[in-house]
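What follows is subunit A paired twice: with subunit B in the first complex and subunit C in the second.
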Partner chain A sequence: MQALYIPASNETPEIHFDYASHQLAIRGESYPENAMSFYAPVRASLQSYLEAGHGGAPIRVEIALRYFNSASTKLIRALVAMLNATAVAGRKVILDWHHDAEDDMMIEFGQDLSEEHNAIEFHAVAQAEACAA
Partner chain B sequence: MQTAARPAANAPHRLAGRAADLLIDAPTVSPAHTNQDVFQLFDHHPALSGLPVIEDGRPIGLINRNIFMDSFARPFHREVYSHKSCIAFMDKSPLVVEAATPLQELSFRAVEHGGKTLTDGFIVTADGDYTGMGTGIDLVRAISELQAERNRQVMESIAYASVIQRSFLRPSREALQKLLPDHLLLWEPRDTVGGDAFYFTPRGAGFVATLFDCTGHGVPGAFMTLIMASFIENALIAEPDCSLTALLGRVNRGVKRALGQIDHSHADESESQERSDDGMDGGFLAWEPATRTLRYAGARTPLLLLRPGAAEVEQIDGDRAGVGYAGTPLEQAWTEQALTLEPGTLVCVASDGLYDQPGGPKRIAFGRKRLYALLLEHRAAPLPQLRQALVAAYGDWQGEEPRRDDLSVLAFRI
Partner chain C sequence: MQLDVFNTFRCTAADNGILFYYTGEFSQNVVAAIGDTLRQRLETVGAPQTARRKVFSTFVEMAQNILHYAHPGDAEGAPKEGALAVGRDGERFFVVCGNPIQLEHVPRLQEKLEPLRRMTVDEIKAAYREQLRNEDHEADGVSKGAGLGFLTVARDAASPIDYHIAFNPENEHGSQGRADFYLRALI
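Coming up: the complex of A and B.
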C-alpha cells in the first residue's frame, strides 16, 4: 500500500504514514479552518490500511504536536479511536506521544487519550527541548 | 499594420472584470511582414513588449521584444533574416483567451502558461478572431485590485458582524458590571468576531453565568455563539429553578436537533464531510447568595477557585462531554457540583484559547500553571489589576507567535 505523505503547512501537521514499515507519524501543529477536509482523506487512508490487516504486524505511531485546535482534537481522537479498535481486535499498536517536558496541556491530553483508548500501548515521550520548528 | 480598438466605454465593472477590460493599443503584424518591419515597430514603440502576429483575422503567435531583439542582434542574423517573414522568431503558443474570460480565470491560465505571459502579455479574441492584447503588468494590477476590493468588502462585512456580536453581548456585560463590579472579563476574538461568548443574567438574588467556546472561530464561530445563546436563553426560561444539569441537557438536545447532529455513525465519508459536527465547551455557574452556594457544571471546562487563605488554586473539572456535538449522546447529563464559598473567594473560568496558546522560549502552551501563579500573586488585588497582569503575561508569552484561538476569561470575587 502506498505511503501517505502530506508535508506540513502553517496550519496543518506533517502526516507520514509509512504503511510498508507500519510506522505512522503526525508532527507539527494543527489548526486548519476546515479540519474535516484535512483529516477526512487521512482517516480514509488509515481506514483502508487497517482493514488490509497486514498479518497483524505491530503498528508504531508517533504523535508530536505542539498545538491543535478543538476541531482537530476531535479528529485526532477519532484516528486514535480507530487504532484502538485495531488494538482491541488483537493487533499491537504502540503510540509514542511526544510532548515538551513542561507542556502541561499536552501531558494532560496524552493522559486523557491513554485512559480513553487503553488497548493501545501508550508511551509519553517527554522532550527537554521543544520539537524543532 | 493595425491598431486595436480601445475597450468599449461600457466595459463591465472591475469586480466582474474580464479579459476584454485589459485591452491595450497595440500594433499587430501578419506573416507577410518581415523581421525588418518588426524591428522598426519595436524601435518606434519602446513600451511594446509583445507583438501579435495575425493571419486571416486569427492570432497565430506573439513576438517577444527581448527574444526578437537578442536574436536579431546576433552576427549575420540581420542580413539573413531581415527580409524573411516575421514568424521566424515568434512564439507559436502564446496565451490566447476569449474576451469574456473572467480575470480570475485569466490569472490562473497565465500562471499555468508559465512566466512568459507576464513578460509577453496575452492575446484576446472574440470567437477566435483577434481583438487585441493585454499586458502582464495590467493583469497583475487588475488582480491585485480585485483581491483588495474583495478583501475590503469581506473585512467590512466582518467589522459589521462584530458590531452585532458585541451588541448582543452588551446586556450580559452590563448585568455583570451591576451585580459584580469587581470582576474581570476578557473577550478577545481572534478574527474580529469569534466562537467564544458569555452570558450573564440576574436570577433571584443571585445570578447565572456562562462562558462558552463554540467550535471554530471567525464567522462560523460567531454563528455558533448566536445559536448557542438562543438555546441557553430558552433553556433558562424553561428551567426556572435552574438545575444546571437540566439546562445543559436542554441546550445539548436543542443544538443536536437543530443542526441534525443526532447520529453520524451511518453517514458515509462524503456525506459526513458535508454535515456539521459543531457544539461548545463551557462552564455554567449559578450563584445563590443566601446560602453562599455556587453550583457549577462544566463541559470540558474547569472551574478555578482560590479560597481565602488557601495555598493553592482549586481546579474543579467539568465533565468530558462537549455540548451538542454529534458524538455526544442526546441524553447526556452533565454533573452539577454545589460549592459553598467563603466571602472573598476568587472564581475564574477561561476558554482553551488561554491555556493552549503556544509561546514562550520553547513555543509550548501557556498552560494552567502560569494562570494559577497569576491568580495567587494578585489574589488580594482588585480584579482590573489581575486583568492587566494577565493580559501582559499572555502577550509576553505569545510573543511573535500568531494567536491560535479566541480568548475569553471571566473572573470575579464573591
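Coming up: the complex of A and C.
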C-alpha cells in the first residue's frame, strides 16, 4: 500500500504514514479552518491500511504536535481510537506521544488518551522547551 | 483622523496594556498571519512559555469563532469581520474579541457561556472530557467544530471568562437582526 504523505503547512501538520514500514507520524501544528476536511482523507487512508491487516505487523505511531485547536482535538482522538480498535483485535500498536516538557495540557491530553485507549502501548516523550518555537 | 485623536487612541491602547490590536476581515490567512505576529510580540515582551502557549490557543479559538460564526453582513459572500486584542494587565495577559452575531444565536451563546462562568477548573476539565467523548455533537447544525471552543478558552483562563452582548438599536446593526458579541479571557 502506498504511503500517505502530506507536507506541513502553517496550520496543518505533516502526515507521514509509511505503510510499508508500519510507521505512522503526525508532526507539527494543527489549526486548519476546517479540521474535518483536513482529517477526513487521513482517516480514510488509515482505515484502508488497518483493514488490510498486513499479517499483524506491529505498528509504530509518532504523534508530535506542538499545538492543536479545539476542532482538531476530536479528530486526533478518532485516529487514536481506530488504532486502539486494531490493538484490541490483537495487533501490537505502540504510540509515542511527544510533548513539550512543560506543556501540562498536552501531557494531560496524552494521559487521557492512553487511559481511554489502553490496548495501545503508550509512551509519553518529553521534548526540551527549545523545540516549542 | 486628526493626529491628536490618533495620539489619544494610541495612548489609550498603551494605558490599557494593549500589545496587539486588529480589526477587520477574518480569513484563515489572516488568522495564520496574526498568529505569527502575536507569537513574536509575546516573545519580545518576555511572556513566559506557558502564557505564550495559552494566549496563542485562546487567540486561535476566538479568531476561528469569528471566522465561523460572525454575522456575514448583507452582501452575499461578504467577509467575516471582527476585532481582537491581546494585552497585558499586571502579571496577567488578556485576549478580547468582538464581532456581530445573529440575534437568534444570543440564547444559544448564553446557554453555553453562563454555566462555564460558574464552573471550577476541575469542572471545566470534566466538561471538556465529556464533550470530547460526545458522539452526538455532529448532529449540531450550528457548530462547525467539536463543541470544545469555549471549553478550551475557559480551561486556559486564570479566572471565569467574561462575555457581553451589546444590543445597539441606534447603530448600523440595530434593526437588522444583529447584536455585538464580546468575549474576554484572562490568562
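One rule holds in what follows: the second predicted complex is superposed on the first by the 128 of 133 C-alpha atoms of A that agree within 3 Å, B and C clash if a C-alpha of one lies under 4 Å from a C-alpha of the other, contacts with A are read in each partner's own complex, and residues count from 1 in each chain.
Note that in this section contacts are C-beta pairs under 8 Å (C-beta built on N, C-alpha and C of every residue); 3 or more make two chains touch, one makes a residue touch a chain.
Quantities reported herein were computed from a predicted structural model and do not represent experimental measurements.
A.B. asks: For the combined arrangement obtained by superposing on subunit A, do subunit B and subunit C clash, or do they fit?
C.D. replies: Clash: subunit B and subunit C overlap once superposed on subunit A.
A.B. asks: With the two structures laid over each other on chain A, which partner does A:A20 touch: subunit B (first), subunit C (second), both, or neither?
C.D. replies: It touches nothing on subunit B or subunit C.
A.B. asks: Just subunit B (first), just subunit C (second), both, or neither: which does A:S37 touch?
C.D. replies: Only subunit B is touched by A:S37; subunit C is not.
A.B. asks: Could you look at A:E102 and tell me whether it touches subunit B, subunit C, both or neither (first, second, both, neither)?
C.D. replies: A:E102 sits against subunit B and subunit C alike.
A.B. asks: First (subunit B), second (subunit C), both or neither: which does A:A71 touch?
C.D. replies: Both: A:A71 reaches subunit B and subunit C.
A.B. asks: Which subunit A residues come up in both lists, the one for subunit B and the one for subunit C?
C.D. replies: Touching subunit B in the first complex and subunit C in the second, residues 31, 33, 67, 69-71, 74, 100, 102-105, 112, 129 of subunit A appear in both lists.
A.B. asks: State the interface residues of subunit A toward subunit C in the complex, per the touch definition above.
C.D. replies: Answer in residue numbers: 10-11, 31-35, 67, 69-71, 73-75, 77, 100, 102-105, 108, 112, 116, 129, 132.
A.B. asks: Can you list the residues on subunit A that touch subunit B in the complex?
C.D. replies: Against subunit B, subunit A makes touches at 29, 31, 33, 36-37, 40, 43-44, 66-67, 69-71, 74, 100, 102-106, 112, 129-130, 133.
A.B. asks: Quick one: which bits of subunit B touch subunit A in the complex? Just the residue numbers, please.
C.D. replies: Of all residues in subunit B, those touching subunit A are 213, 215-216, 218, 269, 272-273, 277, 281, 320, 325, 327, 352, 355-356, 358, 362-365, 367-369, 404-405.
A.B. asks: For the complex, give me every residue of subunit C touching subunit A.
C.D. replies: Checking each residue of subunit C against subunit A gives 28, 31-32, 35-36, 49-50, 53, 56-57, 60-61, 64, 67, 125, 129, 132-133, 137, 144-146, 148-149, 151-152, 155-156.
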